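Presented sequentially are two complexes of subunit A, the first with subunit B as partner and the second with subunit C.
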Partner chain A sequence: MTRTLYLVLIVAVSSVAVFYAIRLSGGDAVAAVIQPGTASLEAREQLRELWGLNLPIHEQYFAYMGRLLRGDLGNSLTNNWPISEMLIIHGRHSLLLGGAALLLVFGLGVPLGILASLRRNGFTDISITTLSVGGLAVPNFWLALLMVWLFASTLRWLPSAGCCSPKQLVLPAVVLAMEGLALTVRMTRSAMLENLDRDFVRTLRAGGLSELRVVGRHVLRNALVPIVSLAGLRIGQIVGYALVVETIFGWPGLGQVLVNAVLRRDYAVAQFFSLVLVTLVIVGNWAADLGYLVANPRLRNARSRAV
Partner chain B sequence: MVSVTDRPVSPSGHRTDPAPLLSIKGLHTSVRSRGESFDVVRGLSLDVYPNEVLCLVGESGCGKSITALSVMGLLPDPPVRIREGEILFHGQDLVALGNKQMRDIRADSISMIFQDPLTSLDPVFTVGEVMVEVIRAHRDMNKSDARNLAGETLAKVGLPDPITRLDSYPHQLSGGMRQRVMIAMALVLDPEILIADEPTTALDVTVQAQILDQLLTEQRERNMAMLLITHDLAVVASIADRVAVMYSGEIVEQATVDELFENPRHPYTQGLLRALPKVSTVRQQLDPIPGLVPYLQFLPPGCSFAPRCPHALDRCWEEPPELVPDQEGRVFRCFNPQDFTER
Partner chain C sequence: MTDQNLTHLETWDRRQAEYEESRRVGPIKATFDRMLRNRLLLFGTVLGLIVLGAGFVGPTISGADPNLQNFSATHLPPGSEGNLLGTDHLGRDQAVRVFIGIRVSLMVAAGVTLISLAFGLVLGMFAGFLGGWRDRTIRGVVDFVWGFPLILVAVLFAGGLGEGLFPVILAVGLVNTAAIARVVRGEVLSLSEREFVEAARAGGLSTPRIMWRHLFPNILAPALVLASYYVAVAIIAEAALSFIGLGAQPPTPSLGGMVSDGRNFLHINPWASTIPGVTIVLLVLSVSLIGDGLRDVFDPRLRHEAKGVEQE
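Then we have the complex of A and B:
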């Protein structure tokens, strides 16, 4: 219960922060929309009034939140597109890209980590570990450029940008997933090794269970506790990186919409999509807390109270 | 708690008994550390007879647990492995068995329970899930039958509320309850031998007595042999039929429990008995054995106990004594045995 309350509270506080930050960032929405010298001062003033920009900032905030809660997301200031429509179209693209990245993070990261732990200090382990250190160390915008150079410009295997064919999905998904993937590999490996050394493993072997059951069921389930519980954080991370990756690969998702809106000073759009991304990150963190409770039976008694 | 006097007469007090159930012959188990290999069990031979409680006694690090794990085929290999020797069970050498055959023997014919019930149970599975898994690894049984068998066994080992406990996680149980779960897991398939490695060391004293009592009850009812590993001579006195005393990887004395406590022959055994605190009106100093356990990498050429022995002769420093029987049929490893005096 407590954690869900916190969730709501934090979302509310961040909405205030987002709202103020956009207004503090300077610039003028009206100036951004209207070409200089094309409208009279009165016309500009009228537009301000129409958008409610003359009201005190807190009144603007409550009016805006009121509209949001009624489901009225407003329109873009630059092209008058309904924001709700943008959310659906671009949200779908982002979901596809983010989903592919998450699949890579866990669907590939966990098996690679297990493999490394079972081949401890062997060639496979060292290769996997080295690559994952690399994945952690290389910033993703740089990785994106390298990948485009190698796979798109030089080898011409994959397109460098665009949406939304499977081929176009590969590069952005890999870049978006890389850091989370590397972290998951390393966490899985160390959690497996740690749990392989625990006393209960000996007890299970003494019970005559096969190695496959001991390692594949018991050790793995124990090792997954920290990994599952951090899945929510990976989601937050992917949301954050989506801004960069979508822009580089021209992937028309929420991140790209936000970046473009900020560049065009489209307050309405920038504000709304900042809120969406912030909320996603917060929900991801909340899911991390929840995941830990689900994955770890020792905390389950506390679950009903804490969630 | 069962005392020495009301214990039934041991069926296997002496070596004239029927064939041993388990026979360890010349076991050498070695550890590899920084490219160097040395034995932590040095030519140990030990027989376990049907229906008996045999206690393996010794200080920490003397090789008791390694001996037990050698029997179970559960040595952490690498770095620990059996270098030489046989472990015969029904005429079969366990050392030579393949993984699959050894798995079939574990829990079904030879079971083991461990010292710390807190860490020895898988924290993310319920008691019932693991027991069902163990049963079904050995018996062709459906899940609900296996669950019933698990519940019955938990009830038999004195776990209160056994059916509810099937769905408990280890962290929801107390130390004593966890150890009962371990016992139930080890006994659920009615093994012929139970190896208990310091089963009460991690428990508090009142619970220790209950658990020992339970083990002894089970051992009798199931006509099972029990190899109990302990460093606690009070436990030995209350439960053992026979005792083997280990020092630095080898057995230094072996006798029935009465013989051992009445008249220990090896100076190390004597030292252990003297080191026990005694109940008396006068407060006395404890009487520890001087010196430290030798490093197994750097054993003296002679008797490994010579550096700590009050009666060591020149010969003791030069050649290792053999394990020889005396007139009464007990065995010990000493060139210069003395009569036991309390102090």
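Then we have the complex of A and C:
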């Protein structure tokens, strides 16, 4: 309960932060939209009044949040497109890409980590570990470019950009997932190794349980809970990288919309979508916090005192 | 369990050996010797010196203008006469642009490190040593900032301040400040329970004096090591943001921007984006090797903490 209250508070605080951050420079939305020298001073003044820009900033904030809570998201300043429609269309694309990436992070990362831990120090382990270190070291936009060069330009297996066929999804999803995937592999491997050495495993083996049952039922369960409970953190990571990856691959998701809005000085769109992404990150972190507590009952008392 | 005891023993043995050595040859020389013996650090430093050398000396030797266009010599491959690393789609000399790009990257990294080190140290020390509501407030803000993806914060700042290097430095500096403040706070907490702080307090020294004369010198080394670790983060962030057009603005040659310029010509001239891309990777690699090496030399304990930072 306290945690949920805390979540609402944090979202409110960050909405204020986003609102001010967008206006940090005192940049003039009107000047950004109108070509220089094409409108009279009166027309500019009218537009400013229409958008409520002549009010003090805190009044603008409350007016804006009021409209937001009533479901009135407003229109884009550059093409007058309703923001609610943008949210639905681009949000769907983002969900597809982010979901695919998340699936890769856990659906591929966990099995690879388990495989590496069971073949400890063997060839499989060393290649998986090396690849995951590589996945952490290479900046993702550079990885994206390498993959476009290899799979799109040279081998011509996959398209280099666009949306939304399964073929077009492959490259952006892999690039978006790479860092989380590498982290998951490493964490799974070390958690498995830690648990494989524990006394209860020896007891189980001595009791004559098959290896499959020991690993699958007992070790895995102990090792995976903390990793999967941190899925929320991966969401935050994916949201951040989506800004870059969607731009590279021309994937029309929320990240690309936000970057384009910032580049075009479309404050209405930039503000709303920053708010959406920030909220997403906060909820992800909150879920990770909660998941971690659920997964580690021993921490419950210690953590609630700390927070 | 046995494993853990063993590592403790090893650490203890090593500390003992290090201590005896520093008694024999003096602390500065002992540290320097240890740095030389650390292969990671050595390799990173050599690699770093090569890349940095290219950044600082390169432009002076070639003396060319990084933005000089020559449309009769576009897309030249590396090794062409007069253009060591070839030219890009506007016929600009790649070598000169890469050299200047390294400088831009390092400038951003320096700015970020200065900001994050200064604020991170101050915030972390205040929170850790003063405790109470100050600690809770600082920790709340720091944890809040630290939870955000770097790129998202930078895009927000670019939205407010316009594109350019300044918002990038500010955004990355802010997030790294949080990262450093967290670790500094933890270190201060454990230091303030040590005898020398207690003794200073019992001796009637004022709080500011204890913080400045007794805590600060003990915090500085780990903080510097941690900051060197985050230099790599800053370089990658700058490159990524310049790549999507929110960082350095043309015609400023930035490595990320050059990769982005070259990507439209991958099929004619893959070098145009490969060369700056490889430069970024080398730069990041050398910086992180130096960071890892420094950490091993100065503060072996931090090895685990930095890993935790990376994993969460």
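Basically, the second predicted complex is superposed on the first by the 290 of 307 C-alpha atoms of A that agree within 3 Å, B and C clash if a C-alpha of one lies under 4 Å from a C-alpha of the other, contacts with A are read in each partner's own complex, and residues count from 1 in each chain.
In the analysis below, a contact is a pair of C-beta atoms (placed from the backbone, for glycine too) under 8 Å apart; a residue touches a chain by one contact, two chains touch by 3 or more.
Being a predicted model, the structure only gives us computed values, none of them experimental.
Contacts of A:Thr203 after superposition: subunit B is touched, whereas subunit C is not reached. In the superposition on chain A, contact of A:Leu193 is made with neither subunit B nor subunit C. Of the two partner chains, neither subunit B nor subunit C is touched by A:Leu68.
When both complexes are overlaid on chain A, the residue A:Val138 reaches subunit C alone and has no touch with subunit B. Once the two complexes are laid over each other on the shared chain, residue contacts for A:Val18 go to subunit C alone; subunit B is not touched.
More residues of subunit A lie in contact with C than with the other chain of the pair subunit B and subunit C. In the superposed pair of complexes, A:Tyr241 makes contact with subunit C only, with no contact to subunit B. When the two structures are aligned on the shared chain, A:Leu55 is found in touch with neither subunit B nor subunit C. Looking at subunit A, you'll find no residue that touches subunit B in one structure and subunit C in the other.
Interface residues of subunit C, counted against subunit A in their complex, comprise 144, 147-152, 155-163, 236, 239-240, 243-246, 256, 259, 263, 266-267, 270, 273, 277, 280-281, 284-285, 288, 310-312. Interface residues of subunit A, counted against subunit C in their complex, comprise 10, 13-14, 18, 20-25, 27, 136-142, 145-146, 148-149, 153, 183, 186-187, 230, 233, 236-237, 239-241, 243-244, 247-248, 258-259, 261-263, 267, 270-271, 274, 277-278, 281-282, 285. Subunit A contributes residues 198-200, 202-211, 213, 218, 221-222, 225, 295-298 to its touches with subunit B in the complex. The part of subunit B that touches subunit A in the complex is made up of residues 72, 74, 99, 103-108, 111-112, 114, 116, 119-125, 130, 133-134, 137-138, 169, 171, 182, 185-186.
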